[in-house]
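Here is the structure we will look at.
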Amino acid sequence: MDNLGTWIVWPILLPLIAIIPIFLRKRSGAANVSLVTAAAIVLAVAGLARQVLTNGEQSHAVGGWDAPLGIMLHADGLSVFMLMMTAIVGAITSIYAAGYRFQGGGDSGSSSGYFFWPLSMFLWAALNVLFLAADIFNLYIGLELLSLAAVALVTLERKRDATVAGMRYLLASFLGSLAYLLGVALLYTAFGTLDLELLGARIQPDLPTAVAIMLITLGTALKTALFPLHFWLPPAHGSAPTPVSALLSALVVKASFYLLLRLWFEVFPAALTPAIAQMLGLLGAIGILWGSFLALRQHKLKALVAFSTVAQVGYLFLLFPLASTSAGWGVDAWSGGVYHAFAHACAKAAMFMAAGTLAYAIGSDQLDHLAGTFQHYPFSVTALTLAGVSLMGLPPSGGFIGKWLLLNSALASGQWWFALVILTGSLLATGYVTMVLSHILLRPPDAAPIEPRNTRVSFTLEFAALLLALIALGLGLAATPMLALLRIGMPFTGY
Amino acid sequence: MTITLTHPALWLSAVGLPLLPALLLPVARLRSPAQLLMPWAAAPALGLALLVSQEVVVELPLLLGMRLGLIPLTRVFLLFTALLWIIAGVYAQSYLAGDAGFRRFCGFYLLTMSGNLGLILARDLVSFYFFFTLMGLAAYGLVIHAGTAAVQRAGRIYLILVILGEAFLLPAMLLTAVAAGTYNLEAVPAAVAGSAQRPLIMGLLLIGFGIKAGALFLHVWLPLAHPAAPTPASAILSGTMIKAGLLGWLLFLPLGEPALPAWGTFCMVAGITAAFYGVVVGLTQSHPKSILAYSSVSQMGLMTVALGVALAVPTARTLALSAIMVYATHHALAKGALFLGVGVADHVSTSRQRLLVGVGLLLAALALAGAPLSSGAVAKTFLKDATYAVSDPWSARLSLLLQLAAVATTLLMGRFLLAVWPDTRKPAHHLSPGLWLPWSVAVLLVAGWVFLLPEELATVAVKTLAFSSFWPVAVGALLVGGGWWLYRRPGMRFRPAIPEGDVLLLLLWLLNVLQRVRRAGVVPAWNALTRQADRSAGHWQRQTDVVTTLIRLEGRLNTWVVAGTIFMVLLTLALLLVVLV
Amino acid sequence: MSQFSLYAVISMLIFSIGLYGFIAHAHLVRKILAVNIMGSAIFLLLISAARRDPTAPPDPVPHAMVLTGIVVSVSFTAFALALTRRIYAETGQAYLPETEPAISAQKQDIVQK
Amino acid sequence: MELSALIPLLVLASSILPSLLIFFLGEDRARLRIWLYLGAEIVKLLLVVFMLEGIYLGQSYETRIPLLPGVDFLLRANALAMLFLMLSAGLWLVTTIYAIGYMEELPYHGRFYGFFGLSVTSTAGLALAGNLFTFYFFYETLTLATYPLVVHRQTREALAAGRTYMRYAVAGGALLLLGVVWLQSLVGPVEFTEGGSLVGRNLNTSALVAIFALMIAGLGVKTALFPLHGWLPMAMIAPAPVSALVHAVAVVKAGAFGIVRVVYEVFGLGLCRQLGVLFPLSLVASTTIIYGSLRALVQDDLKRRLAYSTVSQLSYIVLGVAIVGTASTIGGIVHLMHQGIMKITLFFCAGILAHTLGITRISEMDGVGRRMPATMVAFSIAVFGMIGLPPFAGFISKWYLGMGAVEAGQIWSVAVLITSTLLNMAYFLPIVYAAWFKVPAVPFTEKLPPGRFETGPLLLAPALTTALLTLLFGLFAASDFSPLQWSALIAERELTTQPEVLGP
Amino acid sequence: MNISAGGFDILLAAVLPLLAWYVLSTRDLFKAVALFIAYGLLFSLIWVRLAAPDVALAEAAIGAGLTGALLLDTLGRIGSRDTSGAASAMEPEGGPPDARES
């Protein structure tokens, strides 16, 4: 039943195929088509996951064309892990978006919400391309498509803030892409191949290679919003429409991180010297503290959540110094970082959704205006809280598993300073999560209940956020099978 | 006749029966039967004291393994204690009839009774401590019965002293228990004697029990609390409860082996001093119950002398213990009769009653003073016998001092009789049988108990018809007469009055001074300190400027020039790191 | 000096010029131009590398990459220009406000109160 | 799955399932909610009693579920675990009855009971945790489950208290986590073993000292060790049943219980002594005992005074742990139980006063004994117990602690105990005095209409029950199955593996 | 083994950076776009020279043609004056006052 290669193409093809009927249908139809497609993608990813679990890594040449000119797809544990993350967040965000009312209308008369559907499918396809690509140029294409789709989504509502933020995002993103592309060009010039595996076999540490690797690293770091290159992220994520913010914070930054992960550990592990690993870790550590600190200073809910993303991205980069020291603990650090990415994706998307629901309902996301919302939107507040638990890294959440693994490797490898940063980060996260909760839970002093502007918030919105938050929470209990999946094709031996 | 009574329930009832009416009191319907039963709750204990003539110990699964039982020493204590509780209880039923707080009084009375009887019956350390504490704390409710401000103050001081006593006793108990390795009281004196921390334990014990026993300078609560309490309660407090402290000493201190001359001398000196100190201060009192309270201080001092003897001379242990047993019984009954008499005298209305009450009081007072044939004389004889055991220079001095103390006691009793002598000018009360009957029993007991009980005592009593017993009383009586005459002279203006509580007042004055120092010096200094703390809060304000700066820095990152430069710098840095490191 | 080395050096030079222009110029159209210039520099490197070996036919892979790259560039340009227009329409200028917006939210709040 | 492996899970499930179910019940399904809840509690209590018997007879209950590579989710019952489990399960039932009477006027019952049950589940998990990881797991879930209870009233003060609580708790959790992970990175998974699981391993001393300090600091937050106690008085803003069960018993006991676990079953007394960490610990505990009492002395708010008293009393447990010896071990462990019973009584009574008469300050309590005799009898009994007067439960703890201190030659610890006793009297007895002997300045204005009893019977019964237990636990300490005997059993099992430890 | 650079190569190599520099520094944006189109066409030449006629065609059509057209169209809407220059971009507050007027 499992024809080799059949499953692997569908996660890419399905969203692309869906774009055609979406363009053909009106708004409500678009949403329905998208939801059906989302379900199909989830099934396809599940099928692929099953295949990988039973048969190990999968490779596939699209249309039978082999490398170098053909497009090679490759799926290992990490790919499937990321695909699952995308499928879960993507599907639930689609549910959320179906109940969300986008603001502002397009100049052509169609509502801006309509364009969410094709663009999100486009984004999804780009992400899946990225996660399945087997060569560095296809990774580039995935990255570019992703940037374009992401910026288009940010500017969907044609609000001034969002447009400006989107433009900045676009420019930053392309700067990163160009740096990456230059690196790819240099690598190809030097070693004559684009294939990840071949490149890994051929690569030699010399100066041009070092330049190429650093260009790639910095380019992707810029796209991942590693401190201090995170400047574009908070405005873009904070001002985008809520479903978009969810997709961006949850998935898009993870895509470039995924790229870095693949390249560093599978293509040029030799270049990952302790010094450069420490530098990345250091920037990540500062990012954790800096992002959390700024989150604590925010007065708007979505901006706060966006800064929290800056902080959480920092955790991902701790993986490099922790995983590069010794093989035994490298597994923990590597799995911990990836697990953290997954947990953060679910939690952050849930948080954005819940925040968006509240903001949408009362017409403002000023923290001061949120008092009393709990009484009307208990599910959203619950979702926000549960997601916050994962951000704090408390059990039984998925964030805890990531934190535990990272901490474990930090202490085992003697890099206790990173352990301290991890814990400080979770304390700061506690600070901003409880700050938000304190505003939300506060009962207004006068007995009169608040009048939400949009009293008829669709239950879909609350449900989607809660579902995702529960998944973020449940990830803490599903660590064993998930880590087993990750181990397939893991770039570490002897585990 | 010897009867062996070893059923645990029987022993439990001796301490538990008083608790039963106490539990019934809150129920409205059972209140009056409970109040009626109140005095008789001590009856089982009295029965045990009368019937059990051997050493018996029963074990009960309470606390950390409760053991109850009797030894000859505690049997004597139980006897007079139970007697006095019954007498005072019957007395109280009439004395406080109609008092709104009688129910509460009953409750505390029963609790105190249980504690008092229990500590005598206890044969293990933990139970002893429990009953001792129960008695001490429950008696607070008796002391403050009247509820006036002065009484509340007395109660407060009483409570503070009780608590302080606990604070000394608990570590003493812990140290003793660890030293003994068992909770059995039989093992305690030897364990204390053999303990490496013997001085510490003994010090703690002397102070801890000393507070209860009204030892020198630890007695301050006594002249306040005894007069403050209702008369039956005063009788109990002075008659039996202060003996609990004494019993504690006897049970815990290492009497016998080894000789501890220093400790013994200390106790003797303290005892003798207290004997005279009590009289001197007591003479200046005008309230009859205060005089009696100081008399108790004085009498307890005499018993402390015997304790000192036992500590100093191991061979004299038996003598000293007998002396203390006799003296304690005598004092309990006499003091009980005297205190109850104060209440009776208050209710006297006819001259016939006046005469009878006067005679009764005189009898009790004479007994306390140690007039020949009286129980006091017998007790003093025993005491004197014990002092002979002390090495020579001390022995002679002690017997002289004891006789002088008898003079002093007579003097104080004279002062008491003058203060209490039924006054017909006072509005007449009805002297109910509920008052005079129990009192009469008490007086009769005082007068005759030495003849009722063991023959040995009676023979001693007959021997007291001697000059050595007679002269101190006579001298004392003369002095009283002289003093009375002086006192009545119109020109005599010298009427010393030391307030009740004597040295405590010095302490309170000292506290007052300290309080003023606090107000004058410490509080301003504290305020200055807190102002300093406020100032450093301004420092925090400056720190928020740092926060603002940091936030502005984040704003700067937004500019392309900065961002681009950072990008380039990072790239260079990364390259340098790869190439150089 | 080989043709490849020459073009490689030149491409690096052009890339640097583009990067400088991208960073230093505030006008959005100028930034878009800079991005295109940087892209073309990379293309130059790739195409010249494809012809390093004169005996063999040129390597088709870089050609394919550059073709794709050109398409991506033009998509980017079109999209970026559209955004530029929108920004111009809303703010009246073709620059990105430099201290915007998430951070200043706090200050605005204070002013509002 | 075998029955013995299933039972610990059932114990957790018996409270977690109804709690989760209650979230989904309508707010108006009060009757169903209560019956569901009470039913669950009785099931839980029965399970615990069943286990108790098994443990006494030497049976073992163990559930092991791998959660991460090298990290198991391990539930395992031993004598020590059962003590805490019994405490939490028993008091849960009592407190629920109290809460039914108390919560009428407060909104969001579903939420309250749900999180209440989750808190209790976390406590049960803490009790049964068989390794450090599982312990940490429930330590944090306890924080999460109690936060909504602290902020239940949703007032500004409650929320501020909630934030403080959360910050302290998470910071403590972080320190604990650091210690746990560090230790795990040195020796692999650490399971609780009677006698200490690190015994016989050759490890770096300074690292162990640091790990010990981290763990104690982390656990010390919940135990409210000075200077980590700041959250506790603030958390008193919660409704009375919460203060009673959660903050007087469950949360603070979680910390104290953790310290017991760490000292006896992770490091082992012998190793602790070798490391020289017990003396500083006893100093910290002593400081806390005195400091808490001093702070309690000047509080006029009843619940705050009780809270500071909790700060002080909890460190008795820590002190018992820090003094090496059988008696002190027994004393510390039995105080886990005794303090819980006594303090919950006090909080019940405080809640009754607030609920019935609107009294929250001690200065308003003059003469309240006449208005509410039964309540104040319960209160007085608990106070006497707290002070450590015989024959109440507190005396037993204090006695054993003192014996232990003497045995270990630490006379100064006895002095600390005595000082604390005096301070206890100084801040507790005036309340009792005022309640019984003073005359009310103004007549009481009732919040609750007077009924047949002095207050709602559902409020009164739990207070009287726990007060009675305070008496019984002390009076019948020597009998089988008293907490004292159970603690002695624990001490025997913890200490017999290392007889050489007990020398002076 | 490699082909050595010819004179044409050297000429192109000299002109390309200059052109790029002018594109980015000319004040008038119309001029800059015009120069950019020229720059693109020059690249087409290079592609041919480097034996990549397919790329040359694409470059001429898309890189120079389509991109140029888009740029010119945009400038037609937003005006062609860039007064900020490289120096003024250093100032954080950005945009010149007259840009708003046009």
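We call the chains A, B, C, D and E, going by the order they appear; numbering starts again at 1 in every chain.
Basically, a residue touches a chain if its C-beta (ideal position, glycine included) is under 8 Å from a C-beta of that chain, and two chains touch if they have at least 3 such contacts.
This is a predicted model, so every value here is computed, not measured.
Looking at chain A and chain D, the chains that touch each of them are B. Ranked by distance of CA centroids from chain A, the top chain is B. Distances between chain centres, each the mean of the C-alpha atoms, put B farthest from chain E.
Set side by side, the interfaces B-C and A-C show unequal numbers of C-beta pairs in contact, with more at A-C. Think of the whole protein's Cα atoms as having one middle point; the chain whose own Cα middle lies nearest to it is D. Centroids of chain A and chain C (each the mean of its C-alpha atoms) stand 25 Å apart.
Chain centres here are Cα means. That of chain D falls 75 Å from that of chain E. Distance from the chain B centre to the chain D centre is 38 Å, each centre being the mean of its Cα atoms. Rounded to a whole number, the gap between the C-alpha centres of chain C and chain D is 64 angstrom. Among all residues of chain A, those that touch two or more other chains are 168, 171, 175, 235, 294, 297.
Looking at chain E, residues 89-90, 92 sit in touch with two or more other chains.
Looking at chain B, one finds that residues 551, 554, 558-561, 563-564 touch two or more other chains.
Here chain D touches chain B in the complex through residues 373, 389-391, 395-396, 398-399, 402-403, 405-407, 411, 414-415, 417-418, 421-422, 425, 429, 437, 474-479, 484, going by the rule given at the top. The residues of chain C lying in touch with chain E in their complex are 1-7, 9-10, 13-14, 17-18, 20-21, 24-27, 29-30, 32-34, 36-37, 40, 43-44, 47-48, 50-54, 58, 63, 66-67, 70-71, 73-74, 77-78, 81, 84-85, 88, 92-99. Chain contact summary for the complex, chain E toward chain C: residues 1-6, 9-10, 13, 16-17, 20-21, 23-25, 29, 32-33, 36, 39-40, 43, 46-47, 50-52, 54-55, 58-59, 62-63, 66-67, 70-71, 73-75, 77-78, 82, 84-86, 88-90, 92-96, 99-100. Chain contact summary for the complex, chain B toward chain A: residues 547, 550-551, 554, 557-558, 560, 563-564, 566-567, 570-571, 573-575, 577-579, 581. Of all residues in chain D, those touching chain A in their complex are 66-69, 71, 136-137, 140-141, 143-144, 147, 151, 153-156, 159-160, 162-163, 166-167, 170-171, 173-175, 177-178, 181-182, 184-185.
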